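One chain, chain A, links the two complexes that follow: it is found with chain B in the first and with chain C in the second.
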Partner chain A sequence: MTAPIPRRGPRGPAPRWARLGAQYLIVVLAAAVVNFALPRLAPGDPVDYLAPPESGPVDPAWRQAVLERFDLDGSWPRQFASYLGNLIRGDLGISVIDGRPVAEVVAGRLGWSLLLVGTAVAASTLAGVALGFAAGWRRGSRRDVGILTGVLAVDALPAFFVGLMLLMVFSVRLGWFPVYGAVAPDDLTGWAWMADVGQRLALPAITLTLVGVASVFVVARSAMISELGEDYVFMARAKGLSDRSVRGHARRNAMIPVSTAALLGFSTLVGAATVVETVFSYPGLGSLAFAAVRARDYPVLQAVFLLLSLVAVLANLAADLLYPLFDPRVRRPGAR
Partner chain B sequence: MSKSRLLVAAGAATAFLASALAPPATAQSDDEVVVRVGLHAAEKNLNPFIVPQALPITHDFTMLVYDTLFWSQSRLDPEPWLAVGAEPSDDYRTWTVTLRDGVRWHDGEPFAADDVAFTFQYFADDGGPGRYGHHVYDHPVFESATVIDDSTVELTFAEPVATFTLLPGGDLPILPRHVWEGIENPRADAVSLPVGTGPFRMTDYNPGVSYRLEANDDYFLGPPLVDTLIMPVVADAQAAFAGLRTGELDFVTRNLPAPLVGQIEEAEDLAVVRGSRMQSLYLMFNTRKPVLRDPAVRRALSAAIDVQAIVDTVEGGLGRPGNDTWTHPDSPWAHPVGGHRFDPAAAAAMLDEAGYAVGGDGIRRTPDGAPLAFTLLVNAAAPPQIRSGELVAEQLSAVGVDITVEPLDGPAITAARRPGPDGPPAVEMFIAVFESHAHADPEHLFFFFHTPGRGVGGVFSGYANPAFDAVLDQALGEPVETKLPLIRQAQEIFAEEAPAVVLYYPDGRWGYRPEAYDGWISDPGHGVFTKRSFLAPYANGAAAVAAESEPEPADETAETEAPAAAEPEAAESEPTPAADETPAAPPDDTDPGSAGAEPVAPASDGDGLSGGATAAITVAVLAVIGALGYGLARRRSRVGTVED
Partner chain C sequence: MIAPTSWWAALRPSTRALAAAGAVMLALVIGAAVFADLLAAHPPDRASGAPYERPSADHPLGTDDLGRDLWAQLVFGARVSLLVGLVAATAATAAGTAAALVAGWRGGWVDAAIMRAVDLTLSLPFLVLVLVLATYFGRGLEVLIVLIAGVLWSRPARLLRSQVLKIRELGHVVAAEAMGAGPVRILVVHILRRLAPLLSSQFVRAAAVAVIVQSGVAFLGLGDPGRVSWGSTLYFANNGSAILTDAWLWWVVPPGAALTVLIVGLAFVGFAAEEVADPQLVSHGWQRPVRRRLPKEPPEPCPPGVALDVRGLSVDFDGTPAVREADLRIGRGRLLGLVGESGSGKSTLGLAVIGLVPRPGRIRCEALMMGETDLRRLGRAGLQRVRGREVAIVPQAAMSALDPTMTVLSQVAEAAALGAAPDPAGAAADMLARVGIPEGRHRAFPHELSGGQRQRAVMAMAVVNRPGLLIADEPTTGLDVVTQQAVLDLLDDLRADLGLDVWLISHDLPLVASRADDLAVMGSGRIVESGPTATVLSRPRHPHTKKLLTAFGGLEAPMPDPQPAQGEPETGPGEEAR
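On to the complex of A and B.
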């Protein structure tokens, strides 16, 4: 799908992949700058965490030593240059909270985040598409209004509230699901471990799904509505095609905007996961970021933010690359 | 995209649900006592050089793994612990400490006098800030240690320290030389599991997620009554108390929020244990700021604050109002009278006299015409601080002082409290919480309020008063009998000068599951989550038996040596703010981690979470939202139609 686009001349536009690549590189760089600056703009620094005022006066030399240890000494430009250099070498620095390499800290959390957010993205996309198409099929019908109302109502609830409600009902009242963690602190193995992981994933994943479903739903519904207004649908109906095959045609075309919405929803859910992970004590990147903010753990924050930016960028890239799958018009050379 | 894909999706969803609904797999043998403790926050690997005090129980948690020479500093007659005795020289500068024989470190190495000598020297050499180290380089300044033999060590200090057995003897964790001597930078490089002599060994630490502690069966006071402590970090207060109710947790280290006390007490399989952690919630003035520098102003502000109303409102009466003499009433160093002077009329008169006349808008003016207004910083993650701050603002506005309560996150407050390179800290006043260490320590007033230059006062309060310093300097290192009257004198100066106002001393109260473990006792100054609760000679007697034989369900006789001032009966009958309705009850005030919402308006319902209230409220909320959404949707679809 990255078939070279014929050049229009010796000084014509660069190939699409090169332009795309350059665009994404710039975005990632900009994200790195923001991720570097944001934690530092907040009042307080890691020294305050390591030596709160209650614990006594901080000797300037000691302070300097701590900052040097975490590569946080000197001016911002120096720190940034050093940060970028280390980043290129794959060195993310040392966590202020843990004293361990950031890469190790983040790696320990990444899997859980992917599991949680991945499940939620898949579930919210499936549910959003199914509900959106069902609602959009007969706009204004009782079913449409009912689904729309329900989805918007759920969307209006803040994530932590949804999480706590689910927790109170399904854990405390019904006792179906555990209330904390990604895996039981006991030594489980094999199927028992898998079952436990699934059980502990359920509530946070459902919460995140509920958070994410509306954005997909709204796009799916309106895409379906607008497809149904197209000439080819009019034609298909005039031809006497069944509802089922009309729906089939409309669906495929409606998937184009939906795929973008679903992939962009990915980054939204990664953000919402911070709250959800904290409510359910889920050991993902979100709860790590939450703890890191409280400790002003710059190296961890930089790494987590960078990772989240990369996720957003990759989701965009995936949307770019998937487009031609759904829309043959994009496949044609020179279409863009 | 059609039937086949939908089928796959449906299949996946079913598989997911099936796995989710599978019965919980529990694996533990019957005769083992396993207690699951929900922690507020993670506390690294209990490295005693980095104690960021994320947890109010950090010291007691640390002391499950480490031991001190004496236990503990919150009583005047500490029990010899790793030591069997300590004899001072005539000038109280040298202490000859005799140690217990046959103690081993968790890794099997023998514990010896060498380790004690090393620990004191190591903390002194480090010299950096920290919860423990300043006790050997700030006061008493450590000089040298001489190992006499394997069980005797002579510790020499640069100044007399008559209360050595309390501090540092009752507070400093003794470290194994063979583990630490190679560590150059203890803050950064000590990242492995801790090795101590304490009743529990830490066998697993999943950073930020959970801890696992196993009984040290060779413990010199006998094997602990609990075999395994599984301690997940449950950062959300609601989730933690939900875990207690579902049986996933057997103890929660958070103070039970007042509205939940009744519920937990009524639950059949849960109980509440009370104890004193000697906590205080206080308001600190920055005495280096122009107006607040004047003791008359601070005295007036203090007199305008109704501490009784604050503890009644914020804690539902489960606490004691603050004393102007700072020190917690349960501390051995408490002022015998204490009390708080609440007299708004006198406060107004004092402010008039100090030159702050009331302006046209009811706000007082400084002599140069600026309004008498202050910003009060509170921790945004601690609802009791926010509510206390709001009450203070209301009470002070009655005497014409304008207070803006500004909730900030922890590090932002810390930054505001840190002195700048060329001036005092930016903060004007703030509310924070102190643990027993700031009340039980024989030198607590010295450490926190002595003029900058000695003690940590320079950073912490900035309060400077030569008369106050003179008394404290005189008291420093004195034997208890001569020290007590001096401390009392200093407390009276403190009350007169009001560099800080204690708003209240919260009661300690914790929810637990007696079936899992019922040995909790209150060790004053430590609460109940502390080593004595796990040791046969001290633990709740009935419980110790229950823990050894089959546990008896629902035994609610957990009342232990709680301080007399706490009145659980009165508290129960009182209408408590109904945090039950919103499931967001206030988390523990000392916890910086959870952002619980404030309880809503008082309601008569006392059943709360366990009853139908949750369901009813949920339905009501959903109905309202649903109705709004329905209207919106209807409107949208109509608009859409018109457009077409």
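On to the complex of A and C.
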């Protein structure tokens, strides 16, 4: 059947996955470096953050103990080496707030964050793609302008404002949803537990979906518009296909840029989740970051930042790996 | 096309409405910021009444938990948001532009390093990054603005760099460089000026993001403690449990609505700016189909021996005529060649027959008869049934007329499924084999085929339902000479095999003359001459025909047995070996 297509050069380019892997490793490393460097670059002594100078003089012995405990007493390269070593071993230090290992604190929150952000990414992608394709199909029509105006307006609503209003209407006034938390304190099991989790997830997920829908919509709409201008769409019409089938062609091609945009939105939503989780007291990484900032719990803050960066990087990686599914030109690079 | 006289005229009416609405919203916020001292009777940041007061004449929106006037917080809050938006967006856009110019101009490792930094900044979660940075660098508003700009520059940088690369390749920029213009002059005069519209839309976007981030940070209670902003009002409202009481109406809604108005205003204005930046976005929008009244009496059917009869067909684009009063007849079993220079309207005439003139084209005509059928009376659905089944077209640039995400076999089968064939996939495979695509390549994607093969696949797609008439629009353009002849031979074969009438449109008079039974010549939208090929070539009556003939040279003499231009090699499978 199809003959294997020779690669371009004699040695050929490095495989796609290897290049991608190297690129993402660099991003993760950079996030780790930022984490390492920030407390050391910031004005003031790290100890000042733990015991603000305005609250009185610090005992020199205690100061030394703190520096040793947080590994701040050696030279920078040595500190960095031990920081990296700890990181690889999964040792993220001890939380200042409650003295538990940071890794443990963070792990308890990660699942809820992934549930919330994952739901929001999926929902905003579905809604954004449906609306974007519907609007782009007949650009400038009343339907297009209506959808566009609506989406831009929803996008402009600050996430915390939407969250507060939803909370007020549906939880406080109507009492449909619990006011806070991700799961009831009492021991529910099985379906009751699932129902409770879903109920508590609904409002934060809706809020976060509204935050994310516009970026997918904009890409989907403009991809649809530009695909409709392509020659193959004209040919699809000329061979007698119905509008429905023509739209199918345009959609399949427009999904290529949309799939990338949808997963890139992951990192935006991870950030926005900080605010949303705080409004709904949802026990994810975002509200943990917020609590850590307020309590000056630096080990936790660093771990959260690193983990969120990692989540964003993995989403990017997923986008890159999904790309060939939509585009045969990447999946089967030809002779051209 | 009418040349836009100003950016406002360049906008479509619906966008104009958006832009106007956005401008009004921005004006509201700017007005509040400028006249805050006049509008508010109390200071925003000191108690001027009892805590939790309800709205009154003195405190139009009541007071917060510390007795501060909420109305004053609302109007003074506009200042903070505008300041953040303006300064952060200016800094971010300037830094992003500088990075894009340097990266796009220098290229090489400089470009690679800058773009990696951009990717890195973009892939880290934005709000969390700002929060982390703010924790270490302090909570002042000025610090926050610097931090926001420091993260935000990456977005315009990425977009603008690709534009810099594009502009650099433009003819006049290359020419200026060749003439020895210095890099600064080129960057400023040629590139920056062209980037201006795009810069403005990026600026507006950056401003919106900056406002959102500042309000988010303030809402979390991590903003500048010394400044009252809309976000901080909401922070106190949230802590004061305003949503549990009636107070949400004057404590939560006004700052939230104010933020929304500002951001929506920026979004609308930015959207309009984007359309100015990309004129492509303005053209060919969808238009409502026009209903026309046709005379009750159907026109006379085609005379015997005529397959298609076009009488008095005109097409205009926004008032600019492309085809004027064209008459054209295609005889049964004949090959009609329609020649004319580019822009003469010949392609438009072909598209008009099957109702596929691009927007905003308007077709008017006296009669458009195919046998007994009046194509004008078919309506949308009827025309759809005619396309591909009775009249097929091989469009201009047919090589890009294949969907890149589907195999050629499934694309031809999709067309075959519209016809009578009981087994579309089988019919498609047969037709592909017939046009000369070996079976091993049927499941190839378009990018895996050569230009000539793609041209053949499109022809297979066009004729798979055995239409009566095939319109081939410049089927040989962009192919090498050998492949051109092969494609024309294929056209002849198909014509003989399937009994097609063919309408061949081309600018290449010798090529058309070598194959056509009849010839029609088009110039500035009119058919200036038509008749049997030999007659037209030997006794051209219209000056335009004469001009076309002399342009190609050596064709004035009668051509009883037209040969392809000088000694073409035998057509063969040469095109396959790319």
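Everything below uses one rule, namely that the second predicted complex is superposed on the first by the 280 of 336 C-alpha atoms of A that agree within 3 Å, B and C clash if a C-alpha of one lies under 4 Å from a C-alpha of the other, contacts with A are read in each partner's own complex, and residues count from 1 in each chain.
Quick note on the criterion: a residue touches a chain if its C-beta (ideal position, glycine included) is under 8 Å from a C-beta of that chain, and two chains touch if they have at least 3 such contacts.
The shown structure was predicted, so the numbers you read here are calculated from the model rather than taken from an experiment.
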item: Which of chain B and chain C A:P39 touches, first, second, both or neither; value: second
item: Which of chain B and chain C A:A262 touches, first, second, both or neither; value: neither
item: First, second, both or neither for A:L306, with chain B first and chain C second; value: neither
item: Partner chain(s) touched by A:L92 [first = chain B, second = chain C, both, neither]; value: neither
item: Partner chain in contact with A:G175 - chain B first, chain C second, else both or neither; value: first
item: Contacts of A:L288 with chain B and chain C, given as first, second, both or neither; value: first
item: Chain B versus chain C as contact partner of A:Y232, first or second or both or neither; value: second
item: Touching partner for A:G271 - first (chain B), second (chain C), both, neither; value: second
item: Touched partner set for A:R329, first chain B, second chain C, both or neither; value: second
item: Overlap of chain C and chain B interfaces on chain A (superposed complexes); value: 42-43, 139-140, 144-145, 148-149, 152-153, 156-157, 164-165, 167-168, 172, 225, 229, 252, 278-279, 290, 293-294, 296
item: Parts of chain B lying in touch with chain A, wherever the complex brings them together; value: 1-2, 6, 9, 12-13, 16-17, 19-22, 24-28, 36, 38, 41-42, 44, 50-53, 127-131, 134, 138, 185, 187-191, 206-210, 212, 230, 232-236, 238-240, 242-243, 245-246, 248, 408-412, 414-418, 434, 438, 456, 458-460, 583-584, 592-593, 609, 614-615, 618, 622, 625-626, 628-630, 632-634, 636-638, 640-641, 644
item: Chain B contact footprint on chain A (complex, rising order); value: 42-45, 48-59, 62, 65-66, 69, 94, 97-100, 105, 108, 119, 122-123, 126, 130, 139-140, 144-145, 148-150, 152-153, 156-157, 164-165, 167-169, 171-173, 175-181, 184-188, 192, 194-196, 198-199, 201-202, 225, 229, 248, 251-252, 255, 278-281, 283, 287-288, 290-291, 293-296
item: Chain C-touching residues of chain A, taken from the complex the two chains share; value: 1-3, 5, 23, 26-27, 30-31, 34, 38-39, 41-43, 137-141, 144-145, 148-149, 152-153, 155-161, 164-165, 167-168, 172, 225, 229-232, 234-242, 245, 249, 252-253, 256, 264, 267-268, 270-272, 274-275, 278-279, 286, 289-290, 293-294, 296, 301, 304-305, 308-309, 312-313, 316, 326-329, 332, 334-336
item: In the complex with chain A, residue positions of chain C that touch it; value: 12, 14, 17-18, 116, 119-120, 122-129, 131-133, 135-138, 208, 212, 215-216, 219-222, 231, 234, 237-238, 243-244, 248, 252, 255-256, 259-260, 263-264, 266-268, 271, 281, 284-288, 354, 356, 384-389, 392-393, 395, 397-398, 400-406, 414-415, 418, 440-441, 443-445, 447-448, 458, 461-462, 465, 578
